[in-house]
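The structure appears right after this line, and notes come after that.
Letters A, B, C and D name the chains as they come in the text, with residue numbers starting at 1 for each one.
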Amino acid sequence: MLHHLVFTVLFLLGLYTVIYKNNLIKMVIGLNIMEIAVFFWVIAVSDTGKSVPIYHLNKFAASFNDPVPQALTLTGIIIGASTTALLLTFIIELNKFADTIDSNKLEGLNE
Amino acid sequence: MKKFLVGLLFIGLAFLLLINFAELPEEKLITFSLSDYYIGFGLEQTGALNLVTAILYDYRGFDSLGESTVIFAAVSGIVLILSRKMLPVSSHGLSFIVKRTLGILTPFIALFSLYVITHGHLTPGGGFQGGVILAAISIIFSIVYGSAFDYKRYSPELKTTFETGGALVFIIIGGLGILFDGFFLDNLDFLTHSPGTLISAGSIPLINIGIGFKVGAGLAIVFYSMIQKTFGEEF
Amino acid sequence: MLPAVTDNNLVQIMIITGILVTLLTIIYAWKKLKKNKIYFVMLTIIYLVSFIIVIGTDKWIVFLGGWEFVTLTTSLMFAWDDWKLVKQYFLIQFAGSSILLYAVLVIINNGYAEVGIINSTFLQNILIVGLATKSALFGFHFWLPAIYANSSGLVNAISSGWVVKLGYIILLKVIIPEQGNALLFYAGILMLIYGGVKALLEVKLKVLMAYSTLSQLGLIAIGIGSGTVYGYYGAVLHIIIHALTKTGFFINLDDIINKSGTQNIYELAARFNYSLFKIITIFGFSFSLSGVVFLAGFNSKYLIKNSLPGPLLLIIFYLGGLLTFLYTLRLLYWLFIFQGKQKAFLLRLNNYKINFSIDLFINIPILLIILLLGNYPDLLNYWLPALDSFSFPLGSGIGETILYLLVAYLILEKLNWVRTKEKEYLEIDVLFNKIEVLLNKIGKASLKFDTEKIVEHYFLRGIYKLSGKTHDFIYRSFSDQLSWIPLFLALLLAWRYLV
Amino acid sequence: MISISILLLIIIPLVVAFLIPLLDLYNKLLRRYLVIIGGVIEISISIYIIISYFSDLKAGKFFLTYYLGGWGPPFGINLVMDSVSLIFSSLISFALFFIIIYSIGFIGHHEGKYYVLFFLILGAMQGAILTGDMFNLYVFIELLTVTSAPLVAFKRNKHATEAAIKYMFYGVIGGLFFFVGVILLYFNIGSLNMAQLAQHFAEIENNMQLTIISIFLIGLLIKIGIFPFHFWLPKAHSACPSSLSALLSGVLLKVYLYIFIRLFWIVIGFEFLLEFNIASFLVYLALVSSLFGHVFALQASDIKRMLAFSSIGHIGMILAVFLLNTETGFYGGLLHIISHLLMKTGLFLSTGYLLQYTKSNHIDDFAGVGHQNKGIFVGFILLTLSMIGMPPFIGFFSKWYIIMAFLKIQHHFGAIVVVLGSLSAVFYYLRFIAKGYEKIKLSASDLKNEIYNRPILSVFYREKLVTTVIYIFVGMIILTGFSFRLFELPLQEGIKELINPQNYINLILGG
């Protein structure tokens, strides 16, 4: 239950930041908070208190946590990093043209 | 008024999300689920101790191909958007002591990254993680020695070659799978030693190496694109 | 019980008439057009093929496709006059097509997979509404005068002569002769009277002809809608005769208008020294239109008259007939007889140049057909087998004609041959102007409507701004746009409590 | 039937994309040959699949699959091609091949990166269509976002960059919701294979099913651009070079539609949408979106923006007609997907060419374009005629079947929206056509201004190539209009699959 709560709070915090902050960089940060909330939640839910899914050389543990969500999260993180990099690039570029990263001052974002 | 409404919306949304997600069942519906299969047969079938790596590069290798393609695409996009050719000479770098220290430290960082890359199938880590460390070398170089130094030493062409080369290695290894075993991205039979040794797990370490260099070069390119300065616009 | 027309026969006779009418127009086009006439002929041939498809097919999709092609080709024909007309005509006709498409699909979904008899008044009415714009049914006729006033007689001949009749031909196939359709019937009566009155008061020659078309279409509608075989046959006959007459009429009038440069019938009054044949031709056409005995128009009108059920309707019908006489006589009077205050002598020196090819290839055949059909209606027996069994009482016909002529003459004399003022705006403009006043917040200046600008103006002022306002209402700031996401998410997550 | 050709559909574009930067280091001119070779290979694989499995298709048992890494369906990733995917996949190969040829004459700068991203999009689209694995689908969706966003910003001005930022924000949020959906499916069922998920979805408890459906809906509606989430679409589709607009508006939206169809008909099963009463709500949402798209298009004074709005209108229409869940609905929807793909791609390509003569995309600058290049403008008019649904173009027939589908279940609102849509389309297209035929007189200084102020992408070389491509699309809409029954076979097979998803499950898991 706790991880659901944390997920909800983080996710909505991120969503709020994306929607109601005017600074584009902060909006990207909000996006990242959302992503991280999801990743955290996936890992937390899949953690059933068992061992890390790696066979040690000598002792073969009896039970592992589910490795699949971890693999999926890894993929998700990398994709998230790529999109963040791309977004930041656009913001750098936009700053060059408009001299601002305030979404309020960028009329073009509204249309 | 608007703030109040927004607050109400978000509190309501939080409540709804919590209710909806709290119903997540503890147990999965399928008795013999994906994870049971991977845990049960993972070591036997792939030879990788690290099950996450086994999933990433063997069972779901195609995902990783897509994933590295995402990085490749992001790098291409960033280069496309920020291609300005001129690099600012940020400074002459930091002081001599820092430079010297880093000079001594660099091989170790590189070694560590190589370790992470090559031991992906044995310990936590792998191509992506090691690649990031590799990229870190390049980034620290530009901070400590000034950006021009690294730029001269490892030209963008070299980085591009590494990046695309890494991606191609992935596909070539996948293609070899067709030749040897009949399926794309099939785990190659050679290089399989007993599980737990460095040379084991078939093609997983090879893919790891390819991806490691690809990610390292890619992130370095991203970094250098972003610190480039504007000198007018050329098309 | 009289034998009904089979579908096959109907299709044949209609296609033959259509081809005949189209050929006549092609001859005129070849004579008249100066540039790109080969394109016009190609367009006409495509039009020909597509209306044959429309009449002949029994698949709804082919029917509709063919009809859209008719629309496209006819609107492109306006390009020889004005591109703006193309736009206007296309817009109106496409709107009509859209309604028709809807109606047809409703009909298909009610189990009538093929073009043929529809045994449900409701579906018939839907089809009639669908066809309304295209066939200029009462209430949807507004485009007819406005478009005709500004286009050349060539396209008018095609449009008035044949295109507006396509809808009625389909209705002939769809409506059961013995049952008829009340909606169509009463719409027809309205059209007959309204068109007649309007034509009587009109000054512009082409607009006059447009309203005359409307009133004649009303006759056809009465025939189809009456629900007797008499009316049905009358409608078939009247479609054929009216097609020929109107085509000839428009071609001749266009020639006159081109030579004089005006459409105003008062200015046209006794402008030329017409040849005798010309006068005979136009008199013939007019009399056929109003149903003088021995001419073909009499037969069809007689049949339609016979189909009427009650005395009240009969009186209305007679009134309609009288109106036809009134406006044709008035037209003839202003064209040929009136000499009044004009400096007639000088003007009459203008000899009307005789256009032999028009007389030879268009007028003579049409006149011949009218005369033949008027005296020997059983010539069409092969297609309309029941014509044999009708008897056309010439005696009462002569009497009626004389009565009509007398009454009409007396009325017109009394009214001083109806001298009305030329209207500044056509009624479509008045209509739009009223809407404009209602929506006066949208438009700032009280712009005068100009027929050429109806569509553009209305589009720009009305729809454009309205949609612009909607756009601005929906498109607010970026954060408001993004706010839809949590709102929608909340809606969906709370769905189980809402539904 | 296991076949490697469907794998090649994905791998070939990726290989081409990876090779281009290497080739650029060596010789930049070779790039174009590589690009054309890549396109030819891609389209020939599609043709090969159609020809060699035509007998299967005829017999109604067309089904290709490929096991990646040799791992069988529930445990590894598998690629699947059935009749629906065949339609989409071959259409994409076809359209993209011609867009590539068009680009060769059109894109002036940064060609290398353009083609890299272009081929990555091609690979990602094929991947998203062919994959049979839920998470793999997510990866490809993200790949689509990441590859298309830089291309949206390709023109590198303020407008384009803003568009890209907006596109990315919506895209990333949509992708994130999709990710959560996939994870929820995994946590509940314990599998990622579409067939297995479909098999077991009914066993999840009711409330959880609704949650999963909601999360997926948000993600996908954002991607498709349905009304409350359409804000990114017109800007993104109008800011990029026209070849890209053609790709995004003409092709990419259909891929997302395909994903929607695959998800809600095969994986989740449409009966659940009906059970929770979401289906009818979605129909109305899509129709309202369609209406809004057409209304917005009426006021757009930027031609590409107008075309993008019209896309919203059409996509909403297609989605609504699919959500009716009837056979006629599927037929009309699939046919309209084909026709809209051909029409919109062609329209954007021809518009892109015509805009070479103007200073901006604004309607005022569009004046007199029709006189500048008569041939292309006639093509443009023919395409718009198809767009508003005139016979004999294919637009008429697809419109016919869509209205038919609505009326068959007495859904009059939908039918009226479609009719109104095509009616308003006449208005907004006529506006531009009339403007294009307007006669303008340029003074000498105007002319000079005109020439020097042309956009950067003004590339007039290879005019014939570009013209040919546009006429191929015009020809296609006429050809398919006369013979739209050609698609009867795959369409009917596809409809069978959508109506009976159990068949798909059996073929993957049982075979």
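By our rule, contacts are C-beta pairs under 8 Å (C-beta built on N, C-alpha and C of every residue); 3 or more make two chains touch, one makes a residue touch a chain.
Quick caveat, the model's predicted, so the values are computed rather than measured.
Participant: Which chain has its C-alpha centroid at the greatest distance from the C-alpha centroid of chain A?
Facilitator: With centres defined by C-alpha atoms, farthest from chain A sits C.
Participant: At what distance in angstrom does the C-alpha mean of chain B lie from that of chain A?
Facilitator: Taking the mean C-alpha position of each chain, the two centres sit 16 Å apart.
Participant: In angstrom, rounded to a whole number, how far apart do the mean CA points of chain A and chain C lie?
Facilitator: Those two chain centres are 68 Å apart.
Participant: Just how far, in Å, is the C-alpha centre of chain D from the one of chain A?
Facilitator: Taking the average C-alpha coordinate of chain A and of chain D, the gap between them is 28 Å.
Participant: Could you work out how far the Cα centre of chain B sits from that of chain D, in whole Å?
Facilitator: 30
Participant: Which residues of chain D are in contact with two or more other chains?
Facilitator: 135, 139, 142, 146, 149-150, 153, 156, 161, 166, 169, 173, 186-187, 192, 207, 211, 214
Participant: For chain C, which residues are shared contacts with two or more other chains?
Facilitator: In chain C, residues 475, 478, 481-483, 485-487, 489, 493 touch at least two other chains, as defined above.
Participant: Would you give the residues of chain A that are in contact with at least 2 other chains, written as numbers and ranges?
Facilitator: Chain A, residues with two or more chain partners: 12, 15, 18, 20, 45, 68, 75, 79, 82-83, 86, 90, 93, 106, 109, 111.
Participant: When you draw the chains as points and link the ones that touch, which shape shows up: line, ring, star, complete, or other?
Facilitator: If you draw each chain as a dot and join those that touch, every dot ends up joined to every other.
Participant: What does chain D use to touch chain A in their complex?
Facilitator: 135, 139, 142, 145-146, 149-150, 153, 156-159, 161-166, 168-169, 171-173, 175-176, 179-180, 182-183, 186-187, 192, 235
Participant: Which residues of chain B touch chain A in their complex?
Facilitator: It comes out as residues 6, 10, 13-14, 17-18, 21-22, 24, 34-35, 38-39, 42-43, 49-52, 54-56, 60, 63-64, 67, 70-71, 73-74, 77-78, 81-82, 123-124, 128, 195-196, 222, 225-226, 230.
Participant: Quick one: in the complex, what on chain C touches chain D?
Facilitator: Counting only chain C, the residues touching chain D are 61, 64-66, 68-69, 72, 83, 87, 90-91, 94-95, 98-99, 101-102, 105-106, 108-109, 456, 459, 463-465, 467-468, 470-471, 474-475, 478, 481-482, 484-485, 487-489, 492-493, 495-496, 499.
Participant: For chain A, which residues count as touching chain B in their complex?
Facilitator: 1, 4-5, 7-9, 11-12, 15-16, 20, 45, 52-57, 63-64, 66-68, 70-71, 74-75, 78-79, 82-83, 85-86, 88-90, 92-93, 96
Participant: Taking the complex as given, what residues does chain D use to touch chain C?
Facilitator: Chain D reaches chain C through residues 166, 169, 173, 207, 210-211, 213-214, 217-218, 221-222, 228-229, 231, 276-278, 292, 295-296, 298-299, 385, 388, 390-392, 396-397, 399-400, 403-404, 407-408, 410, 415-416, 419-420, 422-424, 426-427, 430-431, 434, 437.
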